[in-house]
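Here come two complexes built around chain A, the first alongside chain B, the second alongside chain C.
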Partner chain A sequence: MNPTLSAVISLLLALLSPACAAAPTDPLGDRGRWPDMQRQFYADGPISFDARVRVEVPANAEDAMNVPVAVDARAVASEGIERIVVVADYNPILKVLEFEPVTVAPYLAFRIKVQQSTPIRAGVKLKDGRWLIGSAVVASQGGGCTAPSNGRGTPGWERTLNTVSARQFSSAVGDRLRFSILHPMDTGLANGIPAFFIDELNLRDAGGNTVARIRPAEPVSENPVFTLDLAGALTVVQIDGRDNNGNKVLGTLR
Partner chain B sequence: MQRKTLSMLVAAAFAGASLAAVAGPVTDEMILNDAKSTGDVLSFGMGTQGQRYSTLNKINTTNIKKLVPAWAFQFGGEKQRGQESQPLVHDGKIFVTASYSRMYAVDALTGKELWQYDHRLPEGIMPCCDVVNRGAALYDNLVIFGTLDAQLVALDQNTGKVVWKEKLDEFSAGYSYTAAPLVVKGLVVTGVSGGEFGIVGRVDARDAKTGKLVWTRPVVEGHMGYLNGQENGITGETNASWPGDTWKTGGSSTWLGGTYDPKTNLIYMGTGNPAPWNSHTRPGDNLYSCSTVAINPDTGKIVWHYQNTPNDGWDFDGVNEFVTFDFKGKDGKTVRAGGKADRNGFFFVNDATTGKLLNAFPFVTKHTWADKIDLETGRPVYNDDNRPGNPGADKQGKTVFSAPSFLGGKNQQQIAYNPDTGLFYVPANEWGMDIWNEPISYKKGAAFLGAGFNIKPIYDDYIGSLRAFDPKTGKLAWEVKNNAPLWGGAMTTKGGLVFYGTPEGQLKALDAKSGKELWAFQTGSGVVAPPVTWEQGGEQYIAVVSGWGGAVPLWGGDVAKRVNYLNQGGALWVFKLAK
Partner chain C sequence: MPAFGAGLEVQAVAADTWALVGHTEDLTPSNGGNIANAGFVATGAGVVVIDTSASKALGEAWLAAIRDRSTEPVVRVYNTHLHPDHILGNMAFPREALATLPATRQSIRELGEAFNDNLYRMVGGGMKGTEAVVPDGVAEAGTTLLGHHRIRVMALRGHSAADLVVFDETTGVLFTGDLVFFDRAPTTPHANLAEWRRSLDLLAALPFKRMVPGHGPVLDDARGIAMTRRWLDWIEQTFVDAARQGLDMNDVLALPLPPEWASLPLAASEYRRSVAHLYPAIERRVLSAGVSP
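This part shows the complex of A and B:
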């Protein structure tokens, strides 16, 4: 089916069912948690699954504390994207992150912790109010969310906390920004270790304008690494933000 | 960690309907009126003057027997250490801090948790005397508290999310923070802890809404103060009372916070012991250690100081709270004055505007280091034989028996003043110590004492005693003895009552005039924190935190026998009258 037509149909369906009863069928099959995900994260607009929103994960995650995820919504960029909300259905903490590609391409790669095998969803909120959902399943032995971070046991972690390393480069696949931040990203689920995670990141150009915002949540992996597609403009000069304790993040690119 | 529950949303919805009168952002006017406003507790001391007096009398001497628990809230976790926090109450919420730099917001009527913040602490924190916190400050939509790694954190009152966070200083150099901040004219005023590590005490004032530093005032002479990033004059006169370079590591930490009186427009900060403990290394008065320092909040400058223990050699920190009140002197004139029950065993009354000593009397039975405070000179009359000896090149100087002990005739446990009875209520302790000096050199981040000690009880039947004093005559009106040392503050009300807790776990209510015990409740763990009271929905409530710990079990010496059976805990108890 024509993707635009399918979106229109699902929009019509949503409009025809005021009680929102007609949830679209999950392409991943009968995954019990999907209705909960929809209600908690994607409730405020017509919703459709859309294969153009790609979620790339390994079929089998060997390291449950570092599962690579790439969310690629470039194929729907022309429809006007407000933000992207990534969740993991079967994690104890569902929300993984939010991403606002203000002027950069709607592409973000990162690593997450998973507690067990789970669907990963990327909901693309369009400016016209619709949600386009991409999904993928990652199989895992699990346990990634309830283990203490490695940093927790490293003496002097506070001296390197929030250290930023970043690089912009052009390659065959496009103009990329990759950066990492030293942070334990503790979920609060390991016994006696409170949640401690970066919850706000802003990428800015030379004029101080925000070109992208990332709002990580607890499931993002320790010492997070993010990769963005700068869409032909290597313009990011500053990465700033903070963690949930108010410790500031500040990195500059030269 | 923030935990926001559905119950919060529900509670907020109800609070919005029924408590509109006290809802909204906390203003300077509300804080200055805190001692009189009965519907909230907005500041440490139940008013920045620190009187811990409430005009509420719905709970009084005739009906106190009907006081029963409304609910209890457990801090939980495996981190049950000393709980010295005074709760704050605003807009139907209680804000209470706990050991290991934790903060909770709880619905005041039901005890349901609204949110919780657990500050991430590094492994190397160096609090000298247990991992306590004494409470928070409220301003605007913020609740602000300090952490053991010397940070100041401002959280949104509704969500518990961090709004701003500023570093007070380097924890690795020995700095920490345990006091409740003070808010004055939109500034959040803090001291620093770390006097046992040779840090330099100071007072900082920040914009309470943003955390931006406005002024800083060191309390050791020779150090430069700053206002809006500009030099603002050196404190005192370099080397006037400290020889050589000793002022550079002069201690005098301002670890117990301060009070403020709008009538004098002065902040009163107590300062700790000079470092190191061995007084022979620093001949002179060592200003402004062991003092009350009065600072103008507008200029960040010291207006007056009064030194309680010049050239201290016993660790008699002068940090204890300076509680302002109207003092009717023997000449019949009323002046704005401040009362302070010092660690050194004497109760001082100073003119709050000028610092002039108006009266001084012992509030403990033994004071070996000084016979009296000379009211003419304002200085102690020392017993020179009772100063721990100079070790010189030897390993150890002469040992003396000193009373009070370094834990003080009174320590962090707060006094209260009742204008109806005209009495100060002092949670006092009777104990002494063997103390001797040892050679010492300063190393950043290492303990800087140069002394050894062993604490001893003086009497077989009690250490603690809740004592009521007339500040004019110095006469003891009554006392209630307690086997273990008292470590929790007092509170008094227009209902003719004095409330205080004991390490044995009881919250007690006494008749403010006679000291007669009228009510007691076992909270399940030792009480080392001050009670508060407020009114909500036409009923008067009493709250106190329970959880044994603090400096006594850590440094208690022979006193340990009286306390080592006490079990830890961590709970907020709230009481009201049975219907």
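This part shows the complex of A and C:
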């Protein structure tokens, strides 16, 4: 075969290969970091933006240290979800958390710190290997990641470390579990304060089975609050986990 | 003529007494930051100023408006509380006359430049040359006779950690600072609602004839106190109900505004800001009722 033609065919094949075919256009427009985010977090499978994966944020964040985010993948639950990876394109620490909705509905609300206005992405990894991406932009004055936590200024914060408060709700919004944990969630980016954050949480039913798993990262807000949709079954009796210093988290629901 | 000077609305309130009435708007480039009220009393033994507005230009225009109405020296300039729309005009006034409550001095020292940055972001060029000035003077609660006026300074709290109120016992004019809003939704970034309500009780008990609220028109009655209290009661009850229903912060942000507040300027935006300020503590109280350690 003519070497030039061979090169052209290789190039065409390369363009048609899954890696290239799976480079969808960011619906948020030309946001400089999306290709990096895709390479770093969502590279291992075909990828598409999917409006059924909803990321709810306020258009303007009043408090850069407490930006409410709700990730709602319930509309794609029937496709079989393995885990959800949430990232913030323009934060100094990109990954926000991972969530495995083992038997609960794929809905999680929480709050994060942002350093500046940024897209928030929720990548839903399906069991068949595909990534479905939902996105939203939050505008913020910023500075949330490099400010020290408020609790650091309160004497005795160590005594209440990892205290769990939790409650299940049956209301118009469904059957929910909401819980908070007292923890500074330090990013390591404030002067002289090392990274110190909860990095593992398991929610268990009465039989000790994990019904959901959350792996928070540094950008999750101080004293984190999580909201889950228990999909009609109020079954969570225990929340356990640990922070990156090995301190245990343990809360039992009445 | 300094920028915005022509736009200042300065209104005679009582004998020797005037108020600067700001726009009932959010901070924007077109209003130059002129959203807060201020006031002054020409006592006969010097001018007492209550608040300095939001920028160097506005402070200069405010001082020029005072100079148009009195030749007495400015002897006292009070900052009612820490918020930038009331104090960033400080640099236009004689430094030795500036005074405020101790907690407010501390707050301006810590937050003044961040406030200044934020106002540059929202107001833009109108903030040119503005820097935060921390008052050297410490204001104390009490009544003093100054010229022909008995001036009572009160140290209250609730809108912020320290809210200074000036009551002119001679004329009956009450300068409430941001403890009272009227025709404009109250703001809550540093609020303690229980303390705020107690302060409203104290204000309501004063024998005032006219009231200059922190934002909104000058009043002859207690409507501003009533409106501020109704707003605070409503947001707190809304947040408590939401927390008991298991609503997350984004759900609370999406709740519709009741018809009562539909025509109140900035009701929707201040409600949303208040979710960020107040909901976390209220939901923590509700959540802590449900777990055994």
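Following the convention adopted for this analysis, the second predicted complex is superposed on the first by the 233 of 254 C-alpha atoms of A that agree within 3 Å, B and C clash if a C-alpha of one lies under 4 Å from a C-alpha of the other, contacts with A are read in each partner's own complex, and residues count from 1 in each chain.
By definition in this document, a residue touches a chain if its C-beta (ideal position, glycine included) is under 8 Å from a C-beta of that chain, and two chains touch if they have at least 3 such contacts.
Model, not experiment: these values are computed from the prediction.
J.: Just from the overlay, do chain B and chain C fit on chain A, or is there a clash?
T.: The answer is fit.
J.: Go through the superposed model and pick first if A:56 touches only chain B, second if only chain C, both, or neither.
T.: Only chain C; A:56 stays clear of chain B.
J.: Looking at the overlay, does A:172 come into contact with chain B only (first), chain C only (second), both, or neither?
T.: In the superposition, A:172 contacts chain C only.
J.: Go through the superposed model and pick first if A:192 touches only chain B, second if only chain C, both, or neither.
T.: In the superposed model, A:192 contacts chain B only, not chain C.
J.: On chain A, which partner touches more residues: chain B or chain C?
T.: Of chain B and chain C, more residues of chain A lie in contact with C.
J.: So in the superposed three-chain picture, is A:157 touching just chain B, just chain C, both, or none of them (first/second/both/neither)?
T.: first
J.: Quick check on the superposed pair: does A:247 touch chain B, chain C, both, or neither? Answer first, second, both or neither.
T.: In the superposition, A:247 touches chain B alone.
J.: Rounded to the nearest Å, state the minimum C-alpha distance from chain B to chain C in the superposed three-chain model.
T.: Chain B and chain C, overlaid via chain A, are at closest 19 Å apart by C-alpha.
J.: State which residues of chain A lie in both footprints, the one left by chain B and the one left by chain C.
T.: On chain A, the chain B and chain C contacts do not overlap at all.
J.: Which positions of chain C touch chain A when the two form their complex?
T.: Per the stated touch rule, the residues are 118, 121, 245-251, 253, 272-273, 275-277, 280, 283-284, 286-293.
J.: Note which residues of chain A are touching chain C in the complex, please.
T.: Within the complex, chain A touches chain C at residues 56-58, 61-63, 66, 68-70, 109, 111, 141, 163-169, 171-173, 176, 178-180, 223, 225, 227, 250-254.
J.: Which residues, counting only chain A, touch chain B once they are in their complex?
T.: Touch list, chain A to chain B: 155-158, 184, 186, 188, 192, 194-196, 242, 244-247.
J.: Which of the residues in chain B come into contact with chain A in the complex?
T.: Those in contact with chain A are residues 1-2, 77-79, 118-120, 122-124, 149, 153, 161-165.
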